[in-house]
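Several structures are given next for inspection.
Two complexes follow with chain A in common, the first pairing it with chain B and the second with chain C.
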Partner chain A sequence: MSTPTHDDPQPGESRPEDPRPGDPAAPDASPENSTAASAPGSVGTADMDEPPAGGSFARYLLGKIGGAATSMVLVILLGFFAFRMLPGDPVLKIAKERPMSPAQIAELYRQYGLDKPVIVQFWDYLVGIVTGDLGESYVYRKSVSSLIGDYLGPTLLLTATAAVIAIALGLWLGQLSAWRRNSLFDKLASSTSLVFWSVPTFWLGLILLMIFGGTLQWLPTGGMITPGLDPWSPAGIIDVIKHLILPVISLVAVVYAQFLMVMRASLLEEMNEDYLTTARAKGLNEDEVRRRHAVPNALLPTVTVVFLHIGGLIAGAVTVEAVFSWPGLGKLTFEAIRGPDLPLLQGTFVVFSAIIILMNLAADIVYRFLDPRVRRA
Partner chain B sequence: MTDLSFENVSITYRSSTDRGDVIAVSDVSLDLPAGATLGIAGESGSGKSTLIMSALRLLPKSARLDGRVLLGGKDIKELSFGEIRAVRWAQASIVFQGALHSLNPVREVGKQIIEALEHHAKGTWTTPEKRRERMFGLLDEVDLERAKASAYPHELSGGQKQRIMIAMALACEPDIIIADEPTTALDVIVQKQILSGLADLVADRGISLLMISHDLAVLSAVCANLAIMRHGELVEYGPSDEVCLQPQVEYTKQLAGAFPQIGDPESRLHPRTLKPAEVHRAEPFAMSEEVVLEAKNLSVSFDTRRGRERAVRGVDLKLRRAEILAVVGQSGSGKTTLARSLLGLQEVEPGSQLAFAGSPLPRKAKALRTFRRKVQMILQDPSGSLNPKRSVYEAVVEGLRVQGIRDRQYERVIGALEAAELTPAADYLESIPQELSGGQRQRVVIAGALALEPQLLIADEPVASLDASVRGEILSLFLALKKNLGMSALIITHDLGLAWNIADTVAVMKKGEIVEYGEVDTVLSNPQHEYTQELLAAVPRLGSQSLVRNE
Partner chain C sequence: MFTHHTSRRHGTLRKGWQRCLAGAAALALAGSLATAPAQAATSEAPADDNVLRIATDGFVDSFNPFTSFYLVPTNTFRYMYENLVANDAKDGSVTEGLATEWTTDSDGKVWTYTMRPDMKWSDDEPLTSKDVAWTYNQMMEKDEMAVANGSLVENFEKVEAPDESTLVITLKKPQANNPGQEIPVVPEHVWSKIDKPSDFKNDEQSVGSGPFQLESYEANKSITLKANPNFWRGKPKLDEIQYRYYTNSDAQVQAIRSGEVDFITGLSPDQFTALEGAKNVELNDGHGRRFNGISINPGVADAKGKEFGTGNEALKDKKVRQAIRAGIDTETLRKQVMQDYAQPATSFIPAVYPTWALKPDNKVISGFDVSKAKKLLDDAGWKEGSDGIREKDGKKLKLRFLTDADNPIEENTAKFIKPWMKDIGIDLDNESTDVDTVSERTTKGDYDMYFSAWSINPDPDYQLSINTCGQRPDADGNGGTSQDGWCNKEFDKLYQAQHVELDKAKRAELVQKALAIHYEEAPSVTLWYPNQLEASRSDRFDNFTKQPTDGGGIANQVGYWGYASVEPVSEEDAAGGGGLGAGGWIGIAAAVIVVLGGGGWLLSRRKKSDDRE
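Let's look at the complex of A and B:
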């Protein structure tokens, strides 16, 4: 039944034999081939209006990694100099708390390396960063790297759990709201999320703590694990999950609205696009039109926002960690500022910044996979 | 085989705003027997798109359909959703304007074709391999390389996207193909390829074709019968030849006349319109010998990923006072790049010479600003080039503000609007673009250019996105501006009819080079270069039915 069109040349129309794909005799697709006479039929192989092809992934990746590395260098520079400008001399503060002789004070300066010229300190700091040695905390008397190592895990556990739940919940409710725009579901979902959005995290945390930790005594009130339990035993894992519930709810409830709103807005924008009519005309039902065509396109602007906000989520975890005495980086930073514990501050600053830079890098990479148009950039 | 018939169809859009219900289609009856070809012509707002969308029940929920749409003898209103799903694409498929956004931008085009097969497997393409094979077969049929299956829509040209749309429409062997402006926004050469491809496929399989367009000539090239719609009503119906060549209704005559027949002396320098722009000078300006803009050996190159590409190669042009020059070529021929470089918006290669009023084009920002006061640009899509949140006054006055012209701003704006034939001008000052029609918007854009009293207008496809009747109005305005103000214009277009309608000289561009250049009468009546001949041959002619096959 399928008669190729070129077998039926039209009278009065110059339509040369098309180079068939796969035909070994077909000339290579190059603009020189299509002279004026052969232009009509050979559009498949050489189209002068065809946009140029995209660049390679490796080149894109290298470019983005280069950008991230530049940001990281700037963060490292800032991490050193910004904290040198903080008011308060850490040695004098320690000297104030207990009686010390000038010789002991000088010894402390020497120990902390604060007697050296700033440029030498900076060099030591750079060497330290490259070798993974972030110095020793003045307060904890432990290496900063091991301190951060101890506290990073709980923070990641808390924020990653909250991020996954908030993003999944926000995007799912957002696309349903947009699809059923102005329905009761839409109004309820949007307004509830906005109510939570306008509630301060610490306040919500405290309320949850009072109700479920205090009055009802269903859940533990603070910490990450009941002392004495092995976190890797089955009982320990359940215990950690119990400790996790309230802080995660406080974090999720406050942030999921932004994901919902972004997703709703970008899906609404896609809903009048012609390709959805094409999909409907093809016989897809509304669910398939939404899932296969509308949502993938609406996700594009959303992804950027989502990754940008994950950074904010980590910062937001500081207050939640404080309310629920969660042994995380937030708590550590808070104590470092009180010092000022310069090596610890520098360390946490660099680690927080690195996480955010990594998230943005991840966003760029994910975006390239989601949106073929970026592949040309 | 399936027949499609509309029986006394009326479609109303319910609306809760002050405008009340909008009647889009009223009491239309049309028949499309199996294997027939029918074209519906009409301007925007005529209800033609609404009518064809009703055939597959694709109207929005706010639309109410009265009367009956019968597909294969069944009223589509009575089908369940499952039945209508089965009808969509398997019995009747639609070719949308692929050049726009009818393809999902983030999915490979091959997969979009396969998706249609997955939904209507019909027992034939049951496995993924068979569907893939079928998809490749479809690409062969529409003359596309198989490698294009893994391309995304943005990687294809307008013509290639349209081919994908046609391949997709053919996928499930439908009995009826509905084509919605399938060649709008494509240039004549690609238009001819698409139309002849469509006509062949339809004739080979005995598929019936229902096509809508605003261009009578396009429809008459492919369809045996024509229906003309206006304001939701059917005004004329009959065989193509009769409707085009002996129209009975005044409106059809107007539509048929809107697109000039090249070589027809009546429409030479006389775009047909009901509202011609007024020429009020006793001795209208005519093309003089005074050269306004001159380009010698103009070349422009871009760095692309494929290496350095020469978009404009060694172009020589002269534009005299009160001359209208049409630069004609396909998309991708470099004509827009040429216009940009004439405006000083585009870096040119060393060795290129550009002179305005005898002196070289300035390069410094300040001198360029003064130069741009004398040369103004008009873009294709008036909806896109006007800020939707700004009133007409603000849109027109902006150029004056940028150029630092502070005296008599109000009078200048009124004068410009009146020169663009928006009268009384004061009525339009507070309107925002949304409240204006397409033609009025383009007039506002032109007024914005005129406010600066330029010596030269450069217009990039100024009428391509306008309705046929509005097209004539705007073209007649260009002619009047030349005659009244002695203005020169360089008009970029893929439409040879436009050159015939208003231009004094024409330059045919191909791949960055001007292949033929001269007086319109000479070039279009007796083209020397084979490319010009090819372009001319590709222009659809009224009532010619050049692509219809009567077997």
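Let's look at the complex of A and C:
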């Protein structure tokens, strides 16, 4: 896996601009930051680009873990105070439009633990987090931890399917586009992906729902499985797949562009390397040169970007789950906001943030292993 | 997270922008067309002919009638548990339930009910007055059992069952409103054996007396109810009712179009109009039991009269409040904002309760009248300034109007009202914010006007009670609930008088008088009674019962009429949805394979012939 010397890859920062016509072979490494909009990406890449001078691996690892732990602490603090600062009293919201006596209202405050001073509530929350107890949901009257456990599965099914498809599609189209840049195929593939990327997820979801659910009636309009079917029976599995199609398309359509663009930029950089000329000189045809030599090298910076975006993909499920009534963590969060179901909001917020932080940490570590320069440093 | 990437990439598309866009559209269409049918080739299992599927997005905490207060469980209780007395479908008036008849002593303090003989719970155990007494006593004795309906038994002194067919309720203070309404009665033989009945979820195989019993519940997936053969009015014609979860109301609309659900409710006027002409979809534009209005801060104060909040001093003068009413053209609002899917309103008791609602011919009622509004403001001492805005003692008449930014009806109303207020010399500042902020600020009295909405039960007593002085909460929301934070001694007297008046005609007259005072004092302007917009699948079910039967709504009734009468339509009519036969699917799948394969082959050809750059 050793690579010849090449420029600093800057995986997250290549601008997918076509090389100017008069300068077809110009490597495309414009520093303009194009993924700034996707929050998890930009933070991580800035650190990774500069390998710590003379640091041992243990030190590097400790540094990264320390950073992640700091973020986690901040998330936990924010999780408590941010939602409490928001307007809206969960009990008064229930009492509105409903005959409730003062005694009933007081009883609800007591049951929700909202009659205690904020500092006591905060202490209970901290103790709870440390012991893995995230409190009890107001609406579901169940422990938040068990709720999150119940709803994590469907979210993972949805996002993992979408991630695999988006990554495979993005990388495959990306390397083809780069290899034949400026061709009609390149223009079509790149611009389509960018059009989809600019589309709001919920809007795309609703349009798909209208066309394929309501009008053509090919696919179900919501949920994960038709009620009453056993999910592990063959009919149940087919039913779940049918329910998966539209949400997965919505998620994939909106995110695959970033994988395409990264792969395309990364491969463009490899394309005028000497080793490719050598490969051609050995008599390999274009496809073989691309597959055996260029793509493996170009994949290197791509892998870390992929890791960075997986965390974000899970968070992106919130919108899609709300549109397609997918019974996952995203829908749980969406409904918790409506409550407002404070313990549940805190719980999903902490869990989503933890996933993103862990994925960023994983990206840092994977990068360290993949990039020989960082590894040797 | 991925929704709003600002496209800094437009540079990419400088060349051949239009061509690329066209290509993108083509690819998109091809892409989605290609993926969908290939997977959908297996047709959906046919829906059970006798299961009514209803879309919902409501919260469920549990199905425990003592503790759950969310809308979906509350509506389900009405189907699971018969009340001591029911509210009929025609106009919501009190009718027989578990009790066949009832009497009260001369002042309305002791109510004696005679139970229907030989009733059975859904598990075949006998249902007697002992069950009723046990249920009511639980709520009276234990705080944690009174969470949902405690206010309904607050006035109960004691409840006794001297024999199996008689129930006696002794009240603390006399009341005219039948105390046996809207309290679900549970079987003692089941609930008394539960250790902590307030923690009981009651979410499968329920035992009850109503037309349907809860079979199973899966959070955020489905709620299944089964017909109860022991229901005293007879077993319903439906086998099951199945609620299915749809988070998004637009998705519900698609689900009724595709026939995945048989009934949806709570549509917006736009969604309702969009469904017009949809195949096999029957629409119901039902008169509702809600009102929408503008609450005007009359100088909110707590029950002891201590004022709080930031309400504009000008609004304490009822002339200013009346001027605001006269300056609002509610008829235009009803037609433009509600697209005519609302009924003209008088006061806060909706027209679906004709006995109680303030009659439109009452002499206090005044319409839209700009010159009258101007005169009222002149009389109140607010003189027009150079810029057209009125002022008094050097202060401009500037008011704030709070609306929920997510609610298009509130936003549109605000847009109409602002220029109307300017016409009469009031500078209206529309503050649109989120619903939680509205709720918090109105609790604290930090408002001048806000858009309000309430749902009204068949008996007006509760809604009248929250307009009395003693029901006003303090700035933390403790103490009570008040509709408009308003207080009027005369209204309070009329409230008390109707509260104990057993003669229905006399009571109606007192209610009219009380509503007339509220109207004249104008602590709120009732804009309209919104219609309940619903849709059902006419190819699967018919015979829904509305409440009121003449032009009312099907869902959210006070009672179990809506779905209990539903029957499936005959087989022939039900067949032939929009689906394709197996042959059609195979054809589509084959076409897709050809297209995909062919495309792939073409691409790979191109690749080979491509020159190196």
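One rule holds in what follows: the second predicted complex is superposed on the first by the 271 of 377 C-alpha atoms of A that agree within 3 Å, B and C clash if a C-alpha of one lies under 4 Å from a C-alpha of the other, contacts with A are read in each partner's own complex, and residues count from 1 in each chain.
Keep in mind that, in the parts below, a residue touches a chain if its C-beta (ideal position, glycine included) is under 8 Å from a C-beta of that chain, and two chains touch if they have at least 3 such contacts.
None of the values given here were measured: they were computed from a predicted structure.
K.L.:
Using the touch definition from the top, say if A:F202 reaches chain B (first), chain C (second), both or neither.
P.N.:
second
K.L.:
Check the residue A:L194 against both partner chains and state whether it touches chain B (first), chain C (second), both, or neither.
P.N.:
second
K.L.:
In the superposed arrangement, which partner chain does A:A58 touch: chain B (first), chain C (second), both, or neither?
P.N.:
neither
K.L.:
By residue count, which of the two partners contacts chain A more extensively, chain B or chain C?
P.N.:
C
K.L.:
First (chain B), second (chain C), both or neither: which does A:L284 touch?
P.N.:
first
K.L.:
First (chain B), second (chain C), both or neither: which does A:N297 touch?
P.N.:
In the superposition, A:N297 touches chain B alone.
K.L.:
Looking at the overlay, does A:D274 come into contact with chain B only (first), chain C only (second), both, or neither?
P.N.:
A:D274 contacts chain B only, not chain C.
K.L.:
For chain A, which residues lie in the overlap of the chain B contacts and the chain C contacts?
P.N.:
Chain A residues touching both partners: 15, 18, 37, 39.
K.L.:
Using the touch definition up top, name the residues of chain C that touch chain A in the complex.
P.N.:
1-9, 11-13, 15-16, 19-21, 23-24, 27-28, 32, 35-37, 39-40, 42, 44-45, 57, 59-62, 69-70, 143-144, 146-148, 150-152, 154, 201, 218-222, 224, 242, 244-248, 250-251, 253-255, 257-260, 434-437, 439-441, 443, 453-455, 462, 477-481, 577-579, 603, 606-608, 610, 612-613
K.L.:
Help me check something: in the complex, which residues belonging to chain A touch chain B?
P.N.:
Those residues of chain A that touch chain B are 1-6, 8, 10, 12-15, 18, 20-22, 29, 31, 36-37, 39-41, 43-45, 47-55, 273-275, 277-285, 292-293, 296-297, 300, 370-373, 376.
K.L.:
Going by the contact rule at the top, pick out the chain B residues touching chain A in the complex.
P.N.:
These residues of chain B touch chain A: 53, 56, 58, 81, 85-90, 93-94, 96-97, 100-108, 115-116, 119-120, 137, 139-148, 152, 154-160, 163, 168, 173, 189-190, 192-193, 196-197, 200-201, 204-205, 304-306, 330-333, 510-511, 529-531, 534, 546-547.
K.L.:
Provide the residue numbers of chain A that touch chain C in the complex, in ascending order.
P.N.:
Counting only chain A, the residues touching chain C are 15-18, 24-25, 32, 34, 37-39, 86-89, 92-108, 111, 138-141, 150-151, 176, 179-185, 187-192, 194-198, 200-202, 206, 208-229, 235, 238-239, 241-242, 245-246, 249, 253-255, 271, 286-287, 312, 315-316, 318-319, 321-325, 327, 331-332, 334-335, 338-340.
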